[in-house]
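What follows is chain A paired twice: with chain B in the first complex and chain C in the second.
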Partner chain A sequence: MKSALFILPFALVPFFANDFWLVQIFGRALILGVIALSLTFLAAYLGVVSFAQATMAGVSGYTVAYFGPNSVDVGRELPFYVVLPLAIIMATLSGVIIGLIARRSQGIYAIMITLAVGVAFFYFTRQNYTYFNGWTGFSGIRAPEIAGTNLRDPLPFYLLIISVAMLCLMLVNGFIKSPLGLTIQAVRDAPKRVLAIGIPTTPVIVSAYAIAGFIAGSGGILNVWYQERISSFSVGLGPIVDILVIAVIGGLKHPIGAFIGALAFVLLDTFAVDFIDRERFNTLIGLVLLAIIMGAPDGLHGLAKSWLARFKKRVAENQV
Partner chain B sequence: MPISHDHKTANALEIQGVGRRFGGFWAVKDVSLSVRPGERRAVLGPNGAGKTTLFNVLTGDLVASAGTIRMDGADVTQTPMHKRIKGGLRRTYQHAHLFDGLTIRETLFLAVSGVAGGWQRFLPLKPNDDAIGKAENLAGMAGLSSDLDREVANLSHGQRRQLEIGMALAETPKMLLLDEPAAGLSPSERPRLAELLLSLPKDITIVLIEHDMDIALRTSDSVSVLHNGRLLAEGSPENIMSNEAVHNVYMGGAHGH
Partner chain C sequence: MTFFLIVTLNGLTLAALYFLAASGFTLIFGLMRTVNMAHGALLLLGGYVGFEVARATGVWPLGILGGGLAAAFGGALIQFGILGRFQGDELRQTLASIAISIIMADLMLWYWGGITYQVALPDALAGGFKLPLLGVGYASIRLVLIAFAVVVGITLWLIIAKTRLGAIIRAGVDDREMLRALGFDVAKIFIIVFALGGLLAGMAGVVAASALSIAPGTDLQFLLSSLVVVIVGGMGSVGGAALGALLIGLAEQYGLAYAPTYGVVFTFAIMVFVLAVRPQGLLGRSET
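== the complex of A and B ==
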């Protein structure tokens, strides 16, 4: 649970930040962090790097768009208390399906197979007009008003985002100490040995992907409310790679790496235009990624951890 | 020549004409064995004789290319490994494959709940969980009680072997297949392993691959010798020690001690 405390400082943001910083910077960072957490969870505990997080998030986003209020003439409006669980269930199911497809894959093969699923979903959303409204997608998607609180207002929306981020981190931290969470880590370390203690590996791997789908789906709902639109571009190669870049920059070995990476990414994405052309952003993020991979393979989280360890050692030495 | 047993109950292990082929090469060919319930059987043979391949076929790590495998009278030739384990079979590996990111307690907990059920639960574990208690008992049996919260990645080679055996003893197995449990142990650790094996309940059937002849012969009441993937000889330890064919292929024509 300790790492869920990492989110707490974000709760102080409303006291000093204006709406721009609240939603565009910290809110967006936490949303992307939740989606990247889904990837970090699979990487850290199942040992698989997946490219399907934007797809899982897209499934819940499209569910909210189709069954919620939107400004295109596609879909069927249902009450939000039906739509939200439905979106989460759909995203979890998408995790199950992706898990079933990728269950025998590791390393580069898992990357390729999840990327293939992601790209197939991108083309499907682009070509299907009945449910996905093709190229145009959905716009005018609005977060609901619950008990007199309008979730479109910056502060309530930010508080919702921070709660979801905190809950997802607590879910991961608690889950990895559960019997199923331990089994997932056992599959990461020695899959054959898991069979040799009487546990079939397929349901274990599929459950890990289902949890990843649940987390990415939660982020996907927030993302579609933040963007107020969703189209095939929201689930294309760009977002797929962005999530991976965020997770790698933050560090794939620990859940909070996702949030650190997301904050760094959003700050760069927002403010880099002050220094470089918009078209050069990919060059900049590519260089940052390269520097991280070469200088800090465990990402910013790993870097901070090693600095902290060095600092503690120095303090201990000085005391002696 | 296979040993014949005159008793009414089914053999703990009965294999007929078992073989395993890799491409055109038969690593194990036409091996037939019968092991009585509670018997302690050593499988000996020089490197490359097919001992570990035979174990892999028996546990379901590898699918048999030929023959049938019966455990307690039931045909398990096509049964997946995890189901054989639930049926009472356990094994250790020559090279310890362990869950390096978990602690000893967590590893033994999984070994218990893999057989008894309960690994599917997704709420955090409570310290008073039944399976945790059993895991701590297993750690005691394997001599690891003082290191319960240590991460497996940080264990010594000897401790890893002890943990392997602790995992294999979860939920009282019917049959244990031990693949070179003494490999890599120091001379001072070996007698302890022999004691542990001798102290196991007598109704557990044990099949043991071991290069340490002292441990193999001390802990076994019968021996099967493999050579080039085939069964060369079978009998009591005394018979095997005086078998000329065994001397020629396994001990190079001379007694090794």
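== the complex of A and C ==
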């Protein structure tokens, strides 16, 4: 519960920020943070760095696009209270399937396999026109109006985003203390011992991926409402690497790292254009990523933690 | 029947390219457990440099050599400057190599732009070759490509099986610590192997730029095919890379010819099937 408090400063944003900062910066950061949280969750507690988060988010995004209002003539419209649970269920299922494929893999093997899964999905969406509308994808996707509140307005949309982010963080924090959550961490640390005491590891691993799919799917719905379109490029290598960059910059050891990384990424993405050529953004983000990996393997969260610890120690020494 | 054989030949061509790309990848992985995500970027670098050399000198084999050497130097530099610092921390190496590949891809886009390049072929290879039995023409360069891959595969096998360097590499795959304890400079060997992997990638890049063409995005295409090939064939095994490349190359071309919409799905289905029945890959050794 404690770490959900880290999100609270975000709740103060509407009091002083204009619509640009509210949605384009903080809203976008929180959405990307939710999707990255799904990766951080797997990395921190199952010990698996997965590249399939953009895919899981894409599954829910495509579900929303196919069954919701869009400006291409593909799919059919269902009421939002059917579409949203369906999107979450589909994303969770995609997590289960990816978990089943990658269940025996750890470390670098898992990276390669989830990457291959993600890119296969990218090519599939690009070639399939019946469900994914191929290269063009879907556009004109609108967030619904619920009980008189239009979710396309900046403030309600931001409040929705922050509640989802909060709920997902609380879900992760609560889940890891549950028996299943503890078993997941046991599988991370010593899979053979877990097997030896009679717990099959496959369902445990698959359920971790399912939770990851659930979280990424929630972020995916918000993302498709934010972007108002989805196409194969939304699940391509660009977004796959972006999510990884966010999670690594923020720190893979703690769920809150996903949000720190997302805010840093969005700020860089938005304002780097003031310092360097817009075209060279990838070089900049690559260098930042390399610097973080080489200098601070636990990311910005790890850096902040060690600075805080040093500061506390100094304060304590001064008092003596 | 003719159609089927032509598709098979196309599949073999693709398999030859995939093998060239994946052999360096699997070699590096086999010895150092490093997943070099910058492999595709090295391949593209080799392709571009090979193009420049071939254009400046007008000699095609020099282009292949130049591209190979440039990528070999790039690979050695990556291992020496960055990846070598984290030897043993595979996850960090993988992430660092991703960062390197992002930077390299962007800088190459800057220098060479977004256009497609194709290396000009010597006259002897530019035309077609009338196949016996079938009686249809087939691009000579593609046949040369298949032959080139076979030669590279055999050379690589000879190096690994018969030379002193090969013996050291094999010893390193089996027991890195023991090799170090015997007084071999493991760091230096790693750099050499990385250079060898880069050389293979660079030559594959020039060959790809000759038989097909290269553009930004080629790097990712070959990185992914290498990944799938080594997952299917078995990590770290050169024979596995050949087998995996054959399977994937043929599957992709048959898929393209007979079920155009779902060509990719075949590749993917093969990978999932192999993972389900033999997670270490067809010729891979089990981790435990």
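Going forward, the second predicted complex is superposed on the first by the 320 of 320 C-alpha atoms of A that agree within 3 Å, B and C clash if a C-alpha of one lies under 4 Å from a C-alpha of the other, contacts with A are read in each partner's own complex, and residues count from 1 in each chain.
In this text, a residue touches a chain if its C-beta (ideal position, glycine included) is under 8 Å from a C-beta of that chain, and two chains touch if they have at least 3 such contacts.
If you're wondering where the values come from, they're calculated on a predicted model, not measured in any experiment.
Applying the stated contact rule after C-alpha superposition, one finds that A:11 touches neither chain B nor chain C.
Set against each other, chain B and chain C touch different numbers of residues in chain A, with C touching more. Touch criterion met: A:101 reaches chain C, while chain B stays clear of it. Contacts of A:287 after superposition on the shared chain: chain C is touched, whereas chain B is not. Contact with chain B, but none with chain C, is seen for A:186 once the two complexes are overlaid on the shared chain. By the touch criterion defined above, A:308 lies against neither chain B nor chain C after alignment on the C-alpha atoms of chain A.
Shared-chain residue A:115: touches chain C; no touch with chain B.
Of the two partner chains placed by the overlay, only chain B lies in contact with A:178; chain C stays clear of it.
By the document's definition of touching, neither partner reaches A:267: not chain B, not chain C.
In the superposed model, A:200 makes contact with chain B only, not with chain C.
Residues 49, 101, 104-105, 107-109, 111-113, 115-117, 119-120, 123-124, 127-128, 237, 241, 244, 248, 279-280, 282-283, 285-287, 289-290, 293-294, 297 of chain A are the ones that touch chain C when the two sit in their complex. Across the complex, chain A meets chain B through its residues 174-175, 177-183, 185-186, 188-190, 192-200, 203, 207. Interface residues of chain C facing chain A in the complex, by the touch rule stated above, are 33, 35, 82, 85, 90-92, 94-96, 98-100, 102-103, 105-107, 110, 220, 224, 227-228, 230-231, 235, 261-265, 267-268, 271-272, 275, 279.
Interface of chain B with chain A (complex): residues 59-61, 80-82, 85-86, 90-91, 93, 97-102, 106-107, 109-111, 113-115, 118-125, 167, 170.
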